[in-house]
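Below is one structure, written out as structure tokens; comments come after it.
Each chain carries a letter (A, B and C) given by its place in the written order, and its residues are counted from 1.
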Amino acid sequence: MEYEISLLTIMGISIIGALSLNIIVGFCGQISLGHAAFLGMGAYTSAILTKMGVPFAAAVLAGMVVAAIFGILVGFASLRVRHDFLAITTMGVAFLFLGIVRKQEFLGGEMGIAMIPDPGLGKVGYMILVLLLALAVALFSIYLKRSWMGFTFDVVADDEDTATLIGIDVSSYKLIAFAIGTAFAGLAGALYAHHVKFIDPESFNFVESITVLSMVVIGGAGSVWGVIIAAAALSLFPMWFQFIDQYKLLVYGGLLCAIMLFSPDGLSGIFTRSLANIRGRESNASG
Amino acid sequence: MLRVDNITVVFGGVTAVKDVAFGVKNGELLGLIGPNGAGKTTLMRVITGTVTPVSGSVSLINTSLDRKSSHERIRAGIGLSQQIVHPFRSMTVGENVAYAAGYAKTRNPLRSILSYSRKKEMDKAREILKLLDIEEVAEATPTNLPLGYLKRLEVARALALQPKILLLDEPLAGLNQMEARKLADKLLELNRLGQTILLIEHNLSEVIRICGRIIVIDNGIKIGEGEPQKVMRDPDIRSAYLGEGYNNAAS
Amino acid sequence: MLFVNLCMQGLLQGGIYALIAIGLTLVYGLLRILHVAHAGLYTLGGYIAVIVTNTTGSFSLGLMTSMLAVGLVGMVIYRLIYQPILDKPPFVALIASIGLFIALEEIYRIIFGPYGITFAAVPLQGAVNFAGTYLRECEIAAVLLATLLIAALTLFTKHSRIGIAWRATVTDPEMSQSFGVDVVKVRYLNFFIGSAMAAGAGSMVALMNNLVEPTMGSVPSYKALAIIVLGGLGNVRGTLIAALVIGIAETFGTIYLGDYLDRDSIAFAFLILVLMVKPTGLFAKG
């Protein structure tokens, strides 16, 4: 039972992490290859603060704020550089984060931080908290997508120059997408830290960034449901089936490559197309 | 309403616009014509802030736009329809226009995240699409539509912003003669209802028919200004411009 | 003496980076694709070199086989992965490439084991006194190979017909197509040469470390991306300079910045700094 509880907790955290990146990549169309760094910022902030005696909730909140502040800084980069340059810049930020953390004594250096305080909710209580937060982030995402801010993100993702020419302050909206997305990443990271109780630089390395990106891309960038399903599946399968765990990265890599080749809009794209096919057939049959 | 003073634009050593000045009066329908490469689009881009001139200034209703960024200029009351169409391809024609119609909701991010319903804007979009005779493609995505539709979508989106001045760069291109005439009539009608319009067009017969006043530029220099018939009778302008343009007008 | 030594080490490192990065920047120039999986070919080059050397006893044979075979694999990757998605938005190819790279590393791990393989009898290990510092023969060989390959590439693109067509295509794909250049042939050639150069680098690194591991491409892969961005995506000369600069900056940085920043993030710190000042890289073309 304990194993399943832990599994569901990790799943909830993965969903929050993937949805957070989805706001930046899926909604606002800004590629980011360094998302794990923001999870790391949330995790490290919250871990250190709770070890200093700050209450759990306040520490997590601080983790979100720290991640969002750095998120906005990277957002400024997205105003200067676009597309491929942005991809590499965000990747660079992630490597820089690790490079700095590894050398900082107060962040535990290579050794990481151990014995991160337990929030005191019990295993089940913590799982419920995480799942409720995941639900909240999901509901917020759905609302955001349908709101006029989400509408604006669609427009910015589609063609930012034209967006400017109908009076949209593209820079502000991009920065907000980065701020919201990285704040939730900070949340996911902080929740992770208090779940596993030990973090080190490797917990947030480049492969982790790509793992989060895989969830978004495989689910279908921009689709809240697609991303939730992909995040749940990709976080659960490798643990359920030990033999997959061995080949986890091969599966991720292969899936990423295959999805890009056959359905760049991910599972949600496959779903939408099959639905359209079925509808088409029905209307053919009836008409 | 709109004033453009002493605008000079240089692209990599080539002067595209040289010391051009003109004004658009409130409620006017002003035509801006000139042969290919004359610098018309460039002037339009100077007004919207996409191109920075070497010298000169732009002002709208006595407020200078010079230090404003593009989106601020649009917010100050400009509606732009570009020569090269730029529809948002990931959404339907209706949504394209509705999004622009929601300009008050997108002015600041806080307001945008608190606004949810799109109903009013969708209705407004339908109205505008109907006015421009393209409401039948409201549900279509722009990707496979003919140019004539996309041109009108471009105009529709500009109109949806309820601008003080409408800047139209060749809105009639890609339309057949009947459609062009109909759209020109619509523009005239809008103008009579009080809409100020600056119209760039190659379709001379329509320009002469609907514009109260025209400006002619050639090689980046303003070579004529005044009542259409009168300006077109000027022999200098005929030789500079009509040499090739006359055929356009005739066809 | 420390100074000279650091310079030598920096240039050596830079030469290796250049061999990897040039292929990458050529692919970008031609197809606007960030070919992350390129470093997977570098690793493959190392494996083939070690295996062939161990079977035949000749490193030069190993090196040659490795470059040839990996060049062909590069062409296959272009055909199977990139060609079908050329008209999709750029991030599609980028993510496919990352996926491929991760999958390749896993395949190496599954086939060759997680701990890597080594030479049975590792050649070229003698030390040579060079300008007062000691260099190993294999390091000198690596510098020579890098110089040779880059010089050959330059001559080839300047003087051979197909080379000139290639350069023209990298500079302006549409223009050269209208001049009758067979763009598809140029692309295959591009992948062949770029991949072969990466294999050369992989073989030399295998020799210097006497080790090939599944993940030996990870760090060079991302670092090479930083380098080609610094060099101004698609600009070969810029890439060469950027590679050497990063190589030297790293060796010096490790000594002087080691307490604040680890070696592998120096390139990225440099990159971010440069991009904030000049968003199109140090040597943007056009």
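Criterion: a residue touches a chain if its C-beta (ideal position, glycine included) is under 8 Å from a C-beta of that chain, and two chains touch if they have at least 3 such contacts.
Everything numeric in this text was worked out from a predicted model, so none of it was measured.
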item	value
Arrangement of touching chains [line / ring / star / complete / other]	line
Pair of chains joined by the greatest number of C-beta pairs in contact	A-C
Distance-to-centre winner among chains (Cα means, whole assembly as reference)	A
Reference subunit C; chain at largest CA-centroid distance	B
Rounded Å distance, subunit A centre to subunit B centre (Cα mean)	42
Centre-of-Cα separation between subunit C and subunit A, whole angstrom	31
Separation of mean Cα positions, subunit C and subunit B [Å, integer]	50
Interfacial residue positions of subunit A with respect to subunit C in the complex	31, 33, 77, 80-81, 83-85, 87-89, 91-93, 95-96, 98-100, 102-103, 206-207, 210, 213-214, 217, 247, 249-250, 252-258, 260-261, 264
Subunit A-facing residues of subunit B, complex	48, 50, 69-72, 74-75, 80, 82, 86, 88-91, 99-100, 102-103, 105-107, 109, 111-116, 118, 157-158, 161
Of all residues in subunit A, those that touch subunit B in their complex	143-144, 146-149, 151-152, 154-155, 157-159, 161-162, 164-170, 172-173, 176
Complex contact set, residues of subunit C against subunit A	28, 32, 34, 81, 84-85, 88-96, 98-107, 110, 218, 222, 225-226, 229, 233, 258-262, 264-266, 268-269, 271-272, 275-276, 279-281
